[in-house]
Every structure is written in C-alpha cells, then in structure tokens.
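The same chain A turns up in both complexes below, where it pairs with chain B and then with chain C.
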Partner chain A sequence: MQNFEFYSAVTIEDGLACLSERGETCRIIAGGTDLIPLLRSEEVRPVCVLNILNVEALKGVAEEGDCIWIGPATTFTEIMDSGILQRSAPLLVQAASSVGGPQIRNRGTVAGNIATASPAADVLPALMALDATLEVQSLDAGIRRIPLTEAILQPYRTCLRSDELIVGISMPRPSSDTRGGFEKLGRRHALARARMNVSVVLRTDPDGCVADLRIVPGAVMPVARRMTEAESVLLGRRPEPGVVETAAEALAEGILKTTGRRSSSEYKLPVVKNIFKRVLQRLC
Partner chain B sequence: MSKPDEKDPLQMTVNGKAVSLSIKPSWTLLHVLREELRLTGTKKGCEQGDCGACTVLMDGKTVNACLVLALQAQGSVIETIEGMGTAENLHPLQESFLANGAVQCGFCTPGTLMSAKALLSDNPSPSLQEIRVGISGNLCRCTGYTKIVKAIQSAASRKP
Partner chain C sequence: MKKRGIGIGCMFYGIGYGFSRQDISAATVEICEDGSVIVRSGEVDYGQGSDTIFCQIVAEELGVRYDQIQLITADTFVTPNAGPTSASRVTYVTGNAMLKAARAVKKTLRSVAEDILGETDLIFSDGMVFSESSREKEISFRSLAKAAHLRGLQIVETAWHDVTTKDVDPETGQGKAYSTYAWASQLAEVEVDTETGKVEVLRLVAAHDVGKAINPSNVEAQIEGGAIMGMGYALEEEIRQEGGHVQNRSLGEYMIPTALDVPLVEAHIVEVPVSDGPYGAKGVGEPALIPTAPAILNAICNALDIHITELPANLENIHRLIREKGE
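Now for the complex of A and B:
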C-alpha cells in the first residue's frame, strides 16, 4: 500500500477545512471496508486520507419532526440496533443486516455504502425506496440537499465534489401503515456481494388498493432507481395475482430496457420477478 | 498531519497493556499486531474482509483487523486471541472448541473464537440461528461449521 498522510477530523469544520485545501488528492475514510481494499490494490493512491469516524456530529439516528435523520458515520450494526429504525423503517434494518458479516457491519457505514456507489450496494437502494435525501456540505458552497435518486451518476461515482462531505441522510418518517420489505440473493448467506436485491415500500388504503408503492431493485442495473413503470401498474389497484404478475413483467422489462441484454439477463430477469413478488406478498 | 515517509505516534491498549508505537499511516491494525507487536495469533487470510481470519475485538466489537488503519485505533482497547486464555488456563470457549472437535487446521480458530467470545458477551444464551449469524463473518474450510456451532452452544450452556 502506497503510504499517505493521515488526518483525523475532530469536528465537521475540521474535515471541511481539510477537504477544501486538499480534497482533490484526499480520500475520506469511515469504516474503511470499501476503501482499504482499494488502497491495498493501489486502485486509489491518495496523498492524504481523512478519517471522519471520530466526528460525533456525524453519528446517530434521530427523529426530527416528520423526518428521520441518520448520521453518515452510523455503522450497519448501529442501524440494526436503532429502536427508531426498527419501529419506523424495518426495511433499512433488513438491508443493513444483509451486508457482509458482523465484523464488516461493526465498521461499515451508511454514507460509505452511498459514497462507494457500487451497483451491488444493499443499503443504498433501500434508502432510495425510502425517499432519502443527502445533506452534503463544503466550505465554499455550504449545505446542499440532494435526493439520493439523483446523487448516483454512474457505477462508483456520485455527484459529490472533492471538497464535499456527506453530513446527513434524512428521509420522511414512513406512516404507521407503510410497510417495507427487502430480500437479497448472494452466493452465500453472509460475506456475499449482492447478485440481486429488491426493496419494496407499500401502503394500501382502507379498501386494500395500493396507495403508495416504491420498488428499487439493486445489483441488476448500473445505477439503482425506482421502477416507476412497475409501480404504476399497481397504483390504485388491489395487489391481486394477475396485476402483480403484470407489474413484475414491467419490472423485468424496465430493467432490460436500461441494461440491454446481458449474459446475466437470462438468470436475473425471471428471478427478479419472483423475488419482487415474494417481497410484495410478505407485505400484503 | 504527517508527511508520507514520516511515522505517526500510535497509542492503544492491547490485551490490557498500554502500547506506544511509531507507525506508518498506511499500516493496518493487522500489520501492527503481527509485525510490530509480534502477536501472530491473529491470522492474515484474505486482507480484504472476506474471511474473518484477522478478527479481533476493538472497543468491545469484532472487527477485521485488515480493514482498520492502525491510526484509526488511536486510543482504542484491542483484544486479540493472545488475551483470551493461556495454555495452562484456557478460556471456556477454547476448552469447548477442543473438546468438541471444532479445531482442525486451526487457521480460522483465533478469529472464530473472537467472534464467539463477542457473541456470548452480548448474548449469553444464543439460539442456533444467532450462533450461525454470530460466526457468519468467519470462514472455515475444514470443519463445515457443525462442530464449531456445537462447541459454542456447549460453552454457552455451561456458563453460570
């Protein structure tokens, strides 16, 4: 591993000052579970590494009015242990619990999952399904709020500038009648990169019709997104088998349209339909 | 901030002892434990967090030492397998692993014991599924896990 300078930020301002001066040749480290392998292989060779794990203001889960705020340096274990998220956003708890193994979850962070922007990310698509917004800050431009669905540009590339730090992730608190589900497929039950994951958020009105639906499959497209073409099939209708099948078809077609036919399509397209139907079924 | 060839001071507690070193920022906690402190019980497996052979406890939680920059352990309390028991005085988990055939080549064993120790600290009576999740970050190529799980169950049920 090529050597570098190491700086541990104590406050957000500390970190922003470092990034403002040296952001171009600096890499931010939190849990390090994505960055350290890249440093070892020398795929990235920063002059400086900025550690943000000691900044208390970047940690925690809190309710702020109608929103839930998640500190970027919150680990996957802390997500799983959060009473607020267990009650209000169990989808996120499920997604976080699927990442790696206990050791990885004790270090890996939510913002890391976002900033790495792997096409196979687990927590990132779940946050998209929950309508999350990134709060990003720099010395020059102050705070920007970016919907997460707009923040991922390409595999492994977010819209963050080199002098910017993620300082918060917020999302509207799902209503008490909103349900969320997540399922991940991997080569193992743990320590496995997602071959596919599906996040679904569903709210039905009193007569059982779909009032709100978000479907975000992960690891099936270069950049995850809500599959509105599938969501719209079910909106306003009861999730009966025929309609659900049509929505699943639209899901697969939507993915195919985005990616074109790939060698994995023969496996992934029928399977994503089944996983989607299974997750939806559990929520109904 | 340090210059690339300079070394930075690192202070941490390892197995109850205060440790003070001068290290390169690029060194991982794994490197420092094995190469600088000569605590070679912690194993180097994949160096990318995929196997768990390098599992240690950092401030009470299991981590892959290969994925911690040593300077991130500034002021931390580290426990390695060397702190878990001695040949004359084995930890109950170590006894149980030996008694239940949970050790074959032994390479995954230090890391697996660390995970088992952390599991039983948090959850003294884990279910079968909780044990499996508790050691899911440790790969074993020899045993097929059955005896490891049995050893942990046995140790858990023996505790007062």
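Now for the complex of A and C:
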C-alpha cells in the first residue's frame, strides 16, 4: 500500500475545507470498495485521502415533503433495509441488493457508485430512472443541484469539480400508482459485474395508457442514460405487446446509435431487448 | 422462455502416472515411548484431505486413536519423498506406503507383545493389544511401546510403494497403461433462459467408484467440490488472452462459481475395492470434475437441441447458438 495523508472529516464543513485546500491531489473515500483496489494496484496515487464515512449528516434515508433524500454515505445494505425505500422505491432496493456480495454491500455507498461512474454500475442507472438529483457542495460555491442524468460525463468521470462533495441525493417520491422494476444479468449470482441491467419506472393513467416512463439500461453504453427513444414509443399508449416490441426495437437502436456496432452488440442488443420486455411485462 | 434438460456424462480415468512413468511414494512411521505415533511423508495436502486419510490408515492399522497420530508432511528437511499431489494418486500410492510402514512397525511391536503375553493370535484395537482366544491377556499400546523402547528395538520404519507400470505396446498402443482406473457417471439437470443464454444448473448427481471410501464424508466433499469446479469449467471459466497476455488476471474477472451458484449436488459413493489399493481405495480428486462439463452440455443439448463444441458455454455462446438455430 502506498503512503498518503489520511484525513477523516467529522462534519461536511471539515470535508469541504480539506477538498478546497487539496483539490485534485485528494481522493474521497467512503466504503472504499472501489478506491482501495485502485490504491493497491497504484492506478491512483493521491497525496491525501479524505474519509467521509464518519460524517453523520451524509448518512440515512428520509422523506422530505414530496422528495426522498438519501445520504451519499448510505451503504447498499442500509438502502436494502430502508423501510422508506422498500415502500416507495423497491426498484432501488432491488438494484442495491444486486451489488457484489454482503461484505461489499455493507461497505459500498450510493455516492461511491455514482462518483466512480462505472459503466457497469447497478445503483446509478436505477437512480437515473428514479429521476434523482445530486446535491453537490463546495466551500467556494455553496450548494448546486445537478440532475443525475447530466452528472456522468464519460466512463469513470463525473462533472464534479475537485473541491466538490456529494452531500445528498434527492428524488421525487414516486406516486402510489408508479411502479418500478429492475433486472440484472450477471455471469453468476453474486460478486458479478453487470453484463447488463435494466431499470424501468412506469406510471399508467386510469385508461391504462403510459403517462410517465423512464427507461435506463446499464452496462450497455459507456455512460448510462434515459432511453427517450423507447420511452416516446410507449408514452400515451397502452403497453400492448406490439407497442412494447416497437419500444424494445427503439431501445436497441438507441443503444446502437450511441455505441456504434461492437463485437458485443451481437449479444447485448437482442438480450437487452428481452430483459426490457421482461421488466415491462412485470410492471403492466 | 425457460427450457429444462437432463444430460449424462461418464468417464474413466487412470490413477497415478501410468505409461511407465515413475510413480513411487514413501512414508515413515515411528512409535514413540509414550505410545504416540509420528508419521512423516513428503505428500502435501492442499485441501483435499489426504492428511486425514493418512492418519486414519495408520490409526486403523495400529489400533490406536486417530488423534494419537502426529503427522509431519511436505517438509523436505524431514520427510521422505512421496512424489507430487497429482494424478489423483495420493490415497492410492502414498496411502499404500503409509500402510506398509505401519505394518512394518506393527511387526516389531507384535513380536514384543507375543513375548510379553505368550500368545500369537494378537489383535491391535482401541489402544489395546490382546489375544483373540484369551481376551484377558492384554497390554495397552502405550505400555507395549514403552516395552519396545526399553528393549532398544527399532520401531521406526520407512516404506516405499511403487505403482510404476509397464509402458503400452509402442506399435499398437495396447496394454495396461495405468495400474488402476476410477469410474464415474454424473447427471446434470439444467434450466436455460433462452432470452439471455443463462444456464442454471439445478441439480448434479454424481456417482463415483472410489474402490473404498476411507473417509466417506471427505469423499462426498471431494465429489461435490469437483463437480462444482467442473460446472465452472463448463459455464463461465475462461482465460482470455491477447498477444499472449492474460486479460482477466483476478478472481474478480475469472468467474468461478460462488456459493449462490452451487446447485444441489448429490454424491453417490460406489465401492468396488481394488486389490492393490489401501483397504481397496483408489483416487477421486480429478475424476470428480471430469464428467461434469459433458453432463451439463448434454443437458443443454437436451433442453435446446443445440450442440456445443466450444467452452465455456457462457451467456454469449449459448445465445449465439440459439440465434443460429433460429435463423
């Protein structure tokens, strides 16, 4: 293991002061499930590592008016155990429970999943489907809010500045008639990177027509995004088999347009369609 | 759609090195003054349980408790050469060396006991040596060891066991290539998700002829472990190379099955003793994983009517075969 200064923040202000001073030479650690392997392999060589796991204000799940607030240092296990999320966003509970194994879920945090910005993240696309917004804070600029769909610039890179800390993740509380579904395909049942995953949030009106829809596949593009191409096919229509098939086509075309044809497309495109249809069938 | 299938894989496997390759193992058994037993062998137990088997064999032969055996293995400073732990040979070859060495020290002990008890029909059992016909004539193993030491006898013996075979006929390839063979059949039941190519092994049934199971639960564990290893080989394990460089160099990327991937494994022990194995035993280490991949591939074939000629039968390969069949 390499040598670095280790700073453990107790308050958000502590952490922001450290980031403001150290800037790009500092890496933030929470659960460490992504950072520790990088430190060991020396793929990153920070001067300073800032621990945020002792900042109580960065933990927990709360309902605030029409929003659900998730502390960035909340672990996947805590997500799974949260009564609020089990009731209001089971999709997120499913996504969190698909991460790694119990030990990783006990350490890994929501903000870590976002900040690492792995193309194969499980919780990140689920949060996008839930329309999550990041609350980001720095000593100089205070708090700014960034929709999660705009936060990831490229694989393993977010739009966060080096003096900024994720201080909260908020999302509109899904209405009682909103349903969410998640499915992950991995090479094995635990400790598997997603070969792909699909998150869908859906609301239908009293006529059974799709009134609101967000589709976010993971691990099929360098950066996860909402598949508006497929969403628009379904919006305002009943999710009947023919329409769903057209939406699945649009989903695959949208992915292909983003990635270009790759050797993996031959497998991933038909299979992501199948998984999408499966998730949607369960919701309708 | 999910489709199910059942497949069978069968195998036979030569135990030891065969084909005239040297296959020799040594073991030393020493009786201490207090009746404890020290066993030395160069054989390494890397988890399969051979240390347990050696202690059992020596304890059985000398009629002492298993926990009276002190085992020293795989230390070139003090242990005699036993050859490698490979070719599923350890119980069969080193087990025999153990048996021979134990019998050699027992011979010396027996002569002392005959002298003390005045009987020749002696039985070594439960830490005692006694006459079969006159049960009251007995001496504890411990006292016997002490007596042998007081007489200044040699009660440490090293034995060698050699199973090197003749080579087969160079012209015809015929002959007895190995000194013994293991036999097994396994059955796999799978469920294939045709939409993703994901194969779920629901059940593995594995029947193995091990000659004699010296430690049945150990044999079952070897069968289970081997079958699971064979399942990983069939479905996901793969070393990816580019220009001679291995691309997946960690267990995060080389996909062995986790506990959650393991199906029910039913192990069936078949015992047809071999005349030249210790108590009739032969090997099971490698045989446990040999029929698994064929059984699983046959089960996939049964489910989908596709023939797999390339491993691993992973998501991509299975889905490609499904697509090709559909086209």
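Basically, the second predicted complex is superposed on the first by the 284 of 284 C-alpha atoms of A that agree within 3 Å, B and C clash if a C-alpha of one lies under 4 Å from a C-alpha of the other, contacts with A are read in each partner's own complex, and residues count from 1 in each chain.
Please note the rule applied: contacts are C-beta pairs under 8 Å (C-beta built on N, C-alpha and C of every residue); 3 or more make two chains touch, one makes a residue touch a chain.
The model shown is predicted, which means the values in this text are computed figures rather than measured ones.
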item	value
First (chain B), second (chain C), both or neither touched by A:39	first
Residue contacts on chain A - larger count, chain B or chain C	B
Partner chain in contact with A:190 - chain B first, chain C second, else both or neither	both
Touched partner set for A:132, first chain B, second chain C, both or neither	neither
Chain B versus chain C as contact partner of A:266, first or second or both or neither	second
First (chain B), second (chain C), both or neither touched by A:275	second
First (chain B), second (chain C), both or neither touched by A:106	first
Chain B versus chain C as contact partner of A:1, first or second or both or neither	first
Which superposed partner A:51 touches (first chain B, second chain C, both, neither)	first
Common interface residues of chain A - those touching chain B in one complex and chain C in the other	101, 189-191
Chain B residues touching chain A - in the complex, by the definition given at the top	1-5, 8, 24-26, 28, 47-52, 55, 61-64, 66-69, 71-72, 74, 115, 118, 133-134, 136-139
Touch list for chain A against partner chain B, complex	1-8, 29, 31-33, 36-37, 39-40, 47-49, 51, 53, 77, 100-104, 106-107, 189-191
Partner chain C, residues of chain A touching it in the complex	101, 185, 187-193, 195, 264, 266-267, 270-271, 274-275, 278
Parts of chain C lying in touch with chain A, wherever the complex brings them together	195-198, 236, 252, 255, 257-261, 314-316, 319-320, 323
